[in-house]
């Protein structure tokens, strides 16, 4: 940590800051520059006192230097991604893992049709919402436990493991009984109780980046789960909120190389929520794979025009098959494979 | 709702869209313009089918016309704000309600000192965090129930009602037993389970705007609580996330006149979280009152340099007294009062 | 255009708005909905009066329905991109056009080395800044006309046409005498005088998206140039400003499919400015090609650690060769070619 | 400047970085921390080499410590604002300076009516656009020199000095012959040629913050003008671009206290462009004054419903009079005056 004194700070203030650093048990290294004086602070857990130093007389601001996440951080000089197996689906290996399925579970027949369709298309995993976070209280909120049961049936029939969102700490145990992987949605990425609770189940966690979360925030959310003893985390970029309204969100694909540089956890991209338009899903999925993503999450519906939610961003089963076929050469072009 | 056809859409597609509207039981009013054709859709709950229309062949997009919130909306030609009483504190009346206290409850002595200080300064209500949403799992997470008990004691001693954040559905009942008002924090504004649960307690709810939430999102979150049968909601602007880093968030004070125009609920501003700097709190608090806010939430600490969180944005007890004195003429200048 | 009346607007106000529409010479189609009344306005150039309608009594807001750009718009049912030839470089054809070179022209030797290096690597066009927009007045501002002359020499020696930025209307003619294509930078995308002036030269224009410009803003800027009689425009996505600080800007690759859907102009992506880090350029360039971009602009420097600007985002000549080799299979995977 | 080495950087890389610092003629102070090593760099103009250090092997990033603006910066321990006189209008003194007038000059009669109206209401200065930056090439572009002449006439008749926007370096001299102050608009805030040219006229410059510019960017733009020898600069906050669409821009009023802390230049707020709605102008103007702004810029039109641009955000002459009357007690509440 570096304490930056105000330009022209008097000697008394500089001395006071140095003393304060020592009082906390840290070492203080003052550096007297041309325009201003800074004090480098050395010690463990200095960050916990960052705010206190900011309040000392004559201090302009305190610059954090090191990264606040430890368990999620890539170890020095290690370049491999941690491979995470979720039943038969593998994230972080040479094969691009594709999670596909409807936004929400709506009916047994529909779900079965989609599950079989996406398995035939080459998906590694099934998705489907049983508990739905909806902006309006008047919208369909999901089939809840009945939806979980349908997902389990579709999973068993197709052999695809499934992931589903959990929104409430009270349901974590229930959802974990059914699902192969728990999804923490964008709106709950900083629901810290939910992160800890999901971490304690030991189930793999699919962690979506919040709409206004920095990449560092995402890694800190992963750190919550990891510090609860669960290292099986898959990170998902799904678009951030910006001024651009042509797409539902702004898919931040640069997050892929940034994450690859900073963490050992696998990275998945969701172009369905990231763009909000079915016609934008194939090009952005190809882009994600080309950028180095380890997997994709895409919404597929047997009849998007009748979907209760997210129809406009859902591929049909037929479109999904084409999508997977078109992705294969892109994956190969970057040394990966789709199957 | 208005369905906008693509430029040059063929007659068959226009007819198809009209038929689809009728099939849903709505009226269709096609309007043939110079450059394109639009179809106005008339009926109740047309919004639930917006996405389905977007997927019809030849449709460019669907424009939503009416507002999605009903209970939170200001009634036509009614200009009054709904007054909400939380024990002795009144929100939405002529007096500016000031909620003050530490970011987190840390100790009995500290809390008592702050509570007595802010009451002496003229606060209407006490605040203090017992459960803390912290970006890092390694930071202090709050005193939990012990913190609630200390808040209750400080409240009884000073006669000030208190508000505290609830972060987990499992704690709603417990927190509601102690607190006079429940706070839903920015990170949980779209934690829909928590909104419903808080709504069902019947306790007043202090609802903070999410960092990436539009004003409409905030009103939809209020709608969740109201549709659960609880109309006692106070809205709080506390800053949104933008590219500017000079302040912790960008306090969107224009939200005050926008909310005043669109909802009958009282509006409070939190300049402490909105700016992140104690030196910016007094000018922005004055600005909030001048813009028409019904109240303020400010962080006050007996010794900010020793605070476990948010020290740099906390006023001292002495500063709080000055702050209140300086606010009084501003409140009077806009026809309000501080006491 | 659709005039949306306030909920509960009285009959008199609705009648007044209808009359106002007629007074402007347009047709008014009122539609009486369940919750509110809207008035569809039909006629040419209705948009010019949008603001006037917004001010009528009882009007809530006016919804624009059609797109404000005409010349830049894709014609109905036409899917081809307009191919633009800039000397030997072709944009919008099957081959991915790559523009490469240093951020700024610094010296004859350095430029020659880079120009020969990027030609050997397979670039289609040379870039280099002679006039530099620098945030600080104390930074190097470019070699100006001497830089143009060096670019011309390097271009003649290598046979690569070149593009360079013009920042001042007074220099447009001069720059156009040297350059094969004029670049309008992000900071000048809404410098409307410069757009018109560049348009009038008849030279192809390379138009970069502004940091806070929507895709529609970008197309309106293109419309400025096109309405000045110049249809040879190449659009460039180079990142927008968001809250994320891990990258210099947030490269909005979704702009590629959105632009492909809405305009017939070729689309180029600049991952150097879009990310700010040389290590992020190769993955994001691959992503851009996979997403359907027609070309790339990348910064290459013979010795990035000695560059006067943008060193950290510049590839070395060696890295550029590897970069091009790695791009080839990605281009082929989406039916394009690098050479 | 502080060079932050990667976690686990080897000794050789640390030594290399130290040597590189010395090679540039600076002092290097390595600090060996618990988790990482940093090297403080001391010397003048170290910032010019920041990027070079970023490229050294083993370096994670380089943290800038000191502020990049010098002339615009508040001097240590000096709290006064520099007072700038523009003819009879004074910015930075106890009186709040109000600049008022139409968005665009449209006619002699209209302008005269507004000019007399705003003088009667208490404005200090007249505004009006002769050259208009319009998003669409099909919109009214301004009366140009004829507009300047009308402004001059209105100014002479009322005794109010006037400010008008200059958009093109070629017009700076012409505009400077007529106007008392030159406005650099938001879209041209980083048109560095224009900044330098405006600086060289010696006329006071009214510098609007760009829509995606940080406060530091704004101060760097001021630095451009100041380094061209012109210290008479008035800064204007007019809203930034964010995801919120309820207002035209997001007025960042926190910029007022931030600027007051960092620069000695006067600060004006433009709530008309900042909000885009006439009904939001009075509350946000009051908020600006309460936050400590030195002045306001507001759009006033004799008949907003007939304005060629920005009608919805313009006050009528009558509304302006009320506006000024309502501002007076707010100004007094913060120790200022309106007249």
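Chains: A, B, C and D, in written order; residue numbering restarts at 1 for each.
As a convention for this text, a residue touches a chain if its C-beta (ideal position, glycine included) is under 8 Å from a C-beta of that chain, and two chains touch if they have at least 3 such contacts.
Note that the structure is predicted; figures quoted are calculated from it, not measured.
Any chain touching chain A that also touches chain C appears here: B, D. Taking the CA centroid of chain A as reference, the farthest chain centroid is that of D. Distance between chain C and chain D, defined via averaged C-alpha coordinates, is recorded as 26 Å. Centres computed as Cα averages put chain A at a distance of 38 Å from chain D.
Residue positions of chain A touching 2 or more other chains, listed in rising order: 212, 240-243, 245. Chain contact summary for the complex, chain C toward chain B: residues 2, 4, 6-9, 29, 31-36, 38, 40, 42-44, 63, 65-67, 73, 75-77, 241-243, 245. For chain D in complex with chain B, the touching residues are 212, 214-216, 240, 242-247, 250-258, 260-261, 274-275, 277, 279-280, 283-284, 286-292, 329-330, 332-334. Of all residues in chain C, only 45, 48, 51-52, 54-56, 68, 133-139, 141, 167-170, 187-188, 190-194, 196, 210-212, 217, 220, 223-224, 227-228, 240-241, 304-307, 309-312 touch chain D in the complex they form.
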